[in-house]
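Labels A, B, C, D and E are assigned to the chains in the order they are written; within every chain, residues are numbered from 1.
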């Protein structure tokens, strides 16, 4: 082995190609990308043009975009999304905790819930709640206080229960995944400072699980916005139903559906932005372990 | 005495009626004002007034109407519902109007299809929640297969609106809907639809009641008879162009 | 004076594996015990049993005179509930190899989490004490940082402060420096040395034989779930009596 | 500090409470759990009893459970689930890769796709595909080969495109999350043995992302089974539509829905089992890093 | 004979941070160079630039005489495509601190993945060579195990075998033993010693000064993104000329 020549900073023994060390480093230009972009935009423009020129009366779209029936439907859709998601997330967290509980009774109960409500069509669940009176004509504590079931099970109530309980079963699975993703070391550390199982979940595990939970729950919230339309069968007057009621009378089917789509896109855009903000909020503190090969400073964690 | 409502209704001061505003001009929402409109709505209001109570309308999907009647959510239904033997297993019908299934096509196909006889071998659609698809099949058996011609392909569409859209894309060559509703759409979309012949069936439209509500059923029948006697009934038919669909006298459970 | 920790014939199995195969040990008040031994010898498992992160299958452990994890009734030992176990854990604090700071909380929040949530101390008081602890470990200026923004050595010192904030009577350390870059080890050992001088009872699993030699009152060598040998550091590290101990020390010392 | 007495194995200096070290350790009995189990079962039995005695004609349920319309609907539902999911997953992976691509054109295209198809109601998407003829009466290469759009856009085709493309947008988000969850060290290691970006994704990253991807995709497959029912509006004759066709004729709404629910539950049960098998298959090799505090042997990883 | 690696005034910035601030270094064929320095000094970044895991912002690197990462056209350097970079990477193998074995593949699959997928070697040949490599690192009996079932030391030896399977001309090591338990370090160093004796060109970032002293032809000390000092191990480790080097060596040696 030949002893190495110690390279003096500045340049090694005049080997000619090495001179290029001080040449300009060029950023790549990516002409291909610009051509691709142009092609994509052209194709897109063609589709838009076809739609604009197709048998669609855009004036009708404009006219109904802010019709009062559409706007009140929009409010109902958003309100139901909020309430049903709140119920769904609450139930999802509850049943995720139950399904991971050391207590087998709770565990089996939670498994049954997830299986049953993921397994039956939402339409059936809605109809069962709405028509609960077929099975229980009156509810309450017999003799003390009682109501007619149909008075309690308003369309709002039945929709809320149907959507919320159904959502809870899906959310439970997502939350379970989130809890499993949190480094078990966090739970151990919480135990060593004397926290009980539930406090640990509430204060340490769930806040960290949020990072994993938010993206799929975001998907589900966005689905929920549109799922509310299933509730039109039990006369919950959300936006799609109100759009339909209008086209039943004026036969402008595609136009009214486009009106609904525009509002849905608006709501989904707001929700997507909200999701990104939430994601950023819960990314605080970053991952438990620094990225591999990262400096101990963790500047890039 | 026949037109007095049962005590329960009188105490409540209201008659809860289910409707689903997807069936212009019988029951629909005026797109401009977003209010319930139609022959059934006006007639329901008149019945309630005759009985001395208010009408309270609940919008319920067609398939949910009979269950809602059974659970007591509503007292009766006015939504252009046909009085059919299968439905009479759960309800009694007070019949108040006739309805006929009517073939029609679009102007673009009017040269090719001039009469119902030209429909053999073609696709014909109708709302699947009605008994029209079955009636088209029966008609085809009698008038196409029976005469050695190819059968009609019957398509059950999601509703009448859907049938009209499929007609426009020419997925269907003709469609069927009630003869009480077709004129409304001819007026709404001029030069689009062409009726083919006359209605090929005749059925009765009625108001269903649960078997337990015999009292209310008779009271409503009485009210309808009174409205026919004083001319209100004819006046309302005329308002919506439905003179051909008048049913006199009012009957109970007479639909086929 | 009752010893701080008494472990008697402690056994713990994982399936077929005997992780602890009858460990007995006493630790006096204020004593610093270093536990050494090869990988898989049960050192971590033993610490985890003292802190009830694992439930023992045989034998018994007393901390500060109180039987832990079980309640005696007649001739039998009944397991305690989650809540009672949580209360008993307050007697000991634990510092892990991988720090396990709460990733979603700042340094200050990490330290006051226990006092505020578990001990129900008023927040301002807890903050004041937390700041004193941060001064002590030399990291007062990092109070608003998140764990991921700190070096390993800084994280480990925060972990020690978090354990101290609960005012435990014993501190348990499981290889507190083995995940650190060599340059960062010194700061952590300095804090531990300081605690030992302050009279804290400590059980330290470590490969830092230099630290053991300097600070420990006693060194315990474990192998295959048993205590093979124990004694003052000078004796055990320089002149071990068992062949297995000699072998291990030769391998670890460079 | 008093020098400690070295405890001889066997027992320390006769302190009386220490004698108990050799007493029996009792496993907990959990009487409370058994009582809870009994109560839950009782409540459950009461609900079942109410349903059995309610206004539901169970004979009708039995009669239609194996009706040929129901069974053929079931086959169509399952077939559509399989095809639409296959399309959805393929598109999801493609667009997840695009959305993480260094190429901004691909990235924006993928973002638009995800935003648009998550944002518009499935019903509208289905109707647009089904009624594509309103905009493009004929498709193909003009002059060369052409078809009438309505002949190509059969209910099957429109449903497949509608469900699959819609599903792809949701799956893309899930796959993106999965890819992000894989330790970046794996990608670096793959690069050092000379793999290109796409080979790395295909051979190293995606197989490991499966562990994170499967649970939410499982949720989505199960949703898809039931989502197929939306396609009834464009005449795809899946099980719920066929059940409806029956109850439109015989007015046995709840009974027919229960028939559909029984079959849905059966399919979902099979899928859940399949999901667990897949999860186990991809759990092979476990996590990249051993659990904290675990022995180097990794026996418990 | 052209040197195996030539780095000339290499610069790399991360935002405002100059991780490499003009590093120049030559490594001859068959030479073993150890790089030492405090945390954050740019040691890992430099290795990652040689292996093109990072793209450099200034200066140039040649491996085996070939300019890497860029193509010269006139006075300017144009970046190479992903595919060409992948091809160039075949000249060097890298072993990471955290092993980074493919978690979903068995030991044998880990080793043959590169030869089969990238080099398109026939599978039976690749398997035969993999088995020979496994014999060489002493782990032939583990071929069907998954990485998670192995100790850190075993994982690291598999990682070395995986790199060797690609028949690279240079091996780069980034703190290959610092994530290992002290008892497991020996086996890995033995394999590396063996490679060095076999004439493999190696650049090793390490804190194991004992290993550096014994095996390295040259030791390089880096600080703040620059090479501060380099020389034969005996000189640099025992008698460094810069104050910063002296300080560092004093902190690391116990």
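Methods note: a contact is a pair of C-beta atoms (placed from the backbone, for glycine too) under 8 Å apart; a residue touches a chain by one contact, two chains touch by 3 or more.
Source: prediction; values computed, not measured.
Enquirer: I need the common contact partners of chain C and chain D, sorted by label.
Expert: Touching chain C as well as chain D, we find A, E.
Enquirer: B-D versus A-C: which interface comes out with more C-beta contact pairs?
Expert: Higher contact count goes to A-C.
Enquirer: Among the chains, which is located farthest from chain C on the basis of C-alpha centroids?
Expert: B
Enquirer: Any idea how many Å lie between the Cα centroids of chain C and chain E?
Expert: 36
Enquirer: Measuring from the mean C-alpha position of chain D to the mean C-alpha position of chain E, what distance in angstrom results?
Expert: Using C-alpha averages as centres, the distance is 42 Å.
Enquirer: Could you list the positions in chain A whose residues touch two or more of the other chains?
Expert: 55, 127, 131, 134, 183, 185, 188, 253-254, 289, 292-293, 296-297, 299
Enquirer: Where in chain E do residues touch at least two different other chains?
Expert: Only 39, 96, 98, 100, 151, 181, 184 qualify.
Enquirer: Please set out, as single numbers or ranges, the residues of chain B touching at least two other chains.
Expert: Chain B, residues with two or more chain partners: 63-64, 67, 70, 162, 165, 168.
Enquirer: Tell me, which pairs of chains are in touch?
Expert: A-B, A-C, A-D, A-E, B-D, C-D, C-E, D-E
Enquirer: For chain B, which residues are in contact with chain A within the complex?
Expert: For chain B paired with chain A, touching residues are 21-24, 28-31, 34, 58-61, 63-64, 67-68, 70-73, 159, 161-162, 164-165, 168, 185, 188-189.
Enquirer: Within the complex, which stretch of chain E touches chain A?
Expert: 1-3, 6, 8-9, 14, 17, 22, 24-28, 30-31, 39-40, 44, 48, 56-60, 62, 67, 70, 72, 75-79, 96-98, 100, 174, 199, 217-218, 227, 230-231
Enquirer: Considering only the defined contacts, which chain E positions touch chain C in the complex?
Expert: 38-39, 151, 178-179, 181-184, 186, 207, 210, 248, 251-252, 254
Enquirer: Which residues of chain D touch chain A once you look at their complex with the stated criterion?
Expert: That would be residues 30, 33-34, 36-37, 40, 50-51, 54-56, 103-106, 109, 115-116, 118-124, 127-128, 131, 134-136, 170, 173-174, 176-177, 181, 183-185, 188, 212, 215-216, 218-219, 222-223, 226, 229, 240, 253-254, 257-258, 260-261, 264-265, 268-269, 272, 289, 291-293 of chain D.
Enquirer: Touching residues of chain D toward chain B in the complex: what are they?
Expert: Interface residues on chain D, with respect to chain B: 55, 131, 133-134, 149-150, 232-235, 244-245, 247-251, 253-254.
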